[in-house]
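One chain, chain A, links the two complexes that follow: it is found with chain B in the first and with chain C in the second.
Moving on to the complex of A and B:
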């Protein structure tokens, strides 16, 4: 891999944008996963998964988002070269992988609370909702069976004191289950446009893990309607390396699909 | 068979399974025939797309059992959305994988399949009819018991089939059409082309022959039968048409016009003629 051509006239790439910082933060969620099926949903998470594999998680399996597991680094929106196909992965096989547990999903969340309960199903009364959203989709099965992370591009709108419908269960719900049903649940990260969150506290509540460059801890806290757990020192999210910027801008997403979630900000 | 002959087999009040996935390889010519024929009070079982949306918008649906309802490139099926938000239909909403187990249980003539999917979420609270079951072994884990779908008639669309009902998919994913066929009392299959049995391996390997005639009660040749959903490799999704369909959820006049122009047609041939003119214009 060469970084030639990725830089500005001075030889250094233009500074990372917020979109690229968020992609790297989501890619970091896959660090250490090794040989599992990474299954991000939507442009920013998919691009993050491809970046993770191309840079520090080479054993991840990733799909073309249709029915093939593919090797190499597939650009967003491209169909895989037949030579890049390493396995057949139709929906039925994906469900089998969900239940086998060798999978890490990245989903969105219309609402998410401090325990990590996610709602993508409906707003208001479930029987005749004010707004029917995506529905439960695969969230109930994903979250109880294997590692889950969330991409939340508008923190203030999505962070909620409580969610209207629990599609993906958080730590309080799962703690109420008998032990055998709890053991595969892990909500690893929530990445927003302001920072990165995890649940690495004794009570398993949402903790500010890092703030993105240029965001203050107060800004992140103000965009949460509940109290965030805080480490003594909140680090700043890491910025992409030059090699990662090159991969993002020239290989994985030259068309800039990752920017769509940031339309109002970039 | 013809689409209308299939539709005659579907009576009001029946449970109808519909194959495909979202806006992918849906038996749309059969769905339109059901709509035209007038059966109502239907219980649909589907990984839903415009099949569910159309029948809900036409007021033919009492209940929908689903893993999701989406148009894929348009994530929220707008007609289904209206049906949900007005409380017009009963629902059994299952986790997508759990839905597969409901089909599998019916296919295997079992009352349920157990799964962890749904534990901890509101899936059980939203669907009060769902029950749990305790493992009889030492682990004693309590699991969700996904009930078998009791399907009267399933409708599926294949790329190819022979006249006896052996079905072939040539696209990237069979979805769960084999299980829809097995799970139902009777199954009717439309296909892009009926071909001789001896030609079944000409376009795809043996692994594409996934629906045996054992589970198929009638075959309809319906070129473009999945339109406007995708049916690769024969054709992709007609996104322009899908956008026009989705826009009809915004006002009743638009829906009435769409219904008169595209749904209340005498046959699939008429639909195809009109489609050819629409594409030229």
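Moving on to the complex of A and C:
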């Protein structure tokens, strides 16, 4: 899929692919974060974080995806130049530094419901799962201690009426917690291959924020098994600028790692 | 006090059937050599503990060493799932595997409490999740000062803690550096401990982020250069990325795994 016919942003190259539109949508999730640790996980989110910092969010702190905080614009898969290493942040110390709200994680969701409850641990009955996934990982802890966004490349498969186990809590569960426990909780965005979602409604339920070029509102709604909140008019997701396309294609991801999540669609 | 020993001798002396065993390490310094020796010696009914179990735990689970896994992430880093682990949980092959699942922070807290000799650790991070519905080692606790409800998690005190480090000195003290995980807490909280090292030196150089474990916290030091392979030892070896990629098709197929296992036991390949 391309943005042909969308034509919503001036000067946008017609050749921007769905992968690049999703990367920009995820980069937009970091807008306004300032000097915190941006912690995207996986190729598309990492490339998005690097794009955000290389363009409109220059104070964002990013890592080499292992243990170094690095300056400059690191290409996907490259090791940082020693001169670009700002500090060393091993696994054993990271929570001390970022669990004061000063972090924004972008991770995946095997299931996510309309309140933003996320499951990455197991599908089916927890004691006899149909699929034992990689485990809870950092979700219990991260999600209430700083901002979180989700990258969900297969919306119809992952959006769920209810999740089988709650790894990252959503707004309904967090609402019941005392203030110190929920002060940093924010599920900012969910980006899928169809559109962008947020929780900016009075009830804090999932709202269709924009549809990607070429996707209809009905298509986005049909790939959700629950009712989506809708603005009166659903905007079209922003397409990359020429400068962003240059950064993506020539600097950050010349090898096209961002396309891996779209194998069946591009 | 630690004493120098061969790895086979140390495993035979310190790792018994039914023990709770942690082979810790994060990204690098993962003692594959010790895991393989435990498989070769045919240990059974182990409770395996690790924050981030990877390929070596997949191998131990597939070999039937474990009855339970305490973990927060289980995967083949950069590749995908651990299929022997999944087969054990989903299908009970080669035997059922019970899981005691936590988040990274929850397990780190359990390690910290164990190392400090405290009965439990406490954290806010489980609030709002459904983890406590599934994991028995989580209990609510009210803060005695503010009344806030938090989660208590019991200390980890394994029978045996095993880590890999870069150096030991001649007195049996150990030093590791690079990306550090919970190796220090693992050794301090375990009843017995084994450290495999790259080399023995006369004295340690001070290093940024270095972790030194005194000899009185360690039972056996085994000189096993390359013992972290296919993971790496910072300043000594590179990560063997091909090994992790090659593990995927072996792990996916019971017969391919059994062929690998036979070869490993015979010392043909590891």
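Some observations on this one:
Operating definition for what follows: the second predicted complex is superposed on the first by the 251 of 266 C-alpha atoms of A that agree within 3 Å, B and C clash if a C-alpha of one lies under 4 Å from a C-alpha of the other, contacts with A are read in each partner's own complex, and residues count from 1 in each chain.
Methods note: a residue touches a chain if its C-beta (ideal position, glycine included) is under 8 Å from a C-beta of that chain, and two chains touch if they have at least 3 such contacts.
Since this is a predicted model, take the numbers as computed values, not measurements.
Clashing of chain B with chain C is the outcome of superposition onto chain A. Contact with neither chain B nor chain C is seen for A:34 once the two complexes are overlaid on the shared chain.
In the superposition on chain A, contact is made by A:98 with chain B only, not with chain C.
With both structures placed on the common chain, the touch criterion links A:214 to neither chain B nor chain C.
Legend: residue contacts after superposition of the two complexes on their common chain; A:254 is shown touching neither chain B nor chain C. Shared-chain residue A:67: touches chain B and chain C both.
Shared contact residues of chain A with chain B and chain C: 66-67, 90-92, 95, 99, 121, 126-141, 143-145, 165-169, 173-174, 176-178, 180-181, 185. Against chain C, the residues of chain A that register as touching in their complex are 66-67, 88, 90-92, 95, 99, 121, 126-145, 165-169, 173-174, 176-178, 180-182, 185. Contact residues of chain A toward chain B in the complex are 66-68, 90-92, 95, 98-99, 121-122, 126-141, 143-145, 165-169, 173-174, 176-178, 180-181, 184-185. Residues of chain C that touch chain A in their complex: 26-27, 71-75, 81, 85-86, 89-90, 101-106, 108, 123-131, 133-134, 146, 148-149, 179-182, 208-209.
Every residue of chain B that touches chain A in the complex is listed here, in rising order: 21, 66-70, 75-76, 80-81, 84-87, 93-98, 100, 115-123, 126, 139-143, 172-176.
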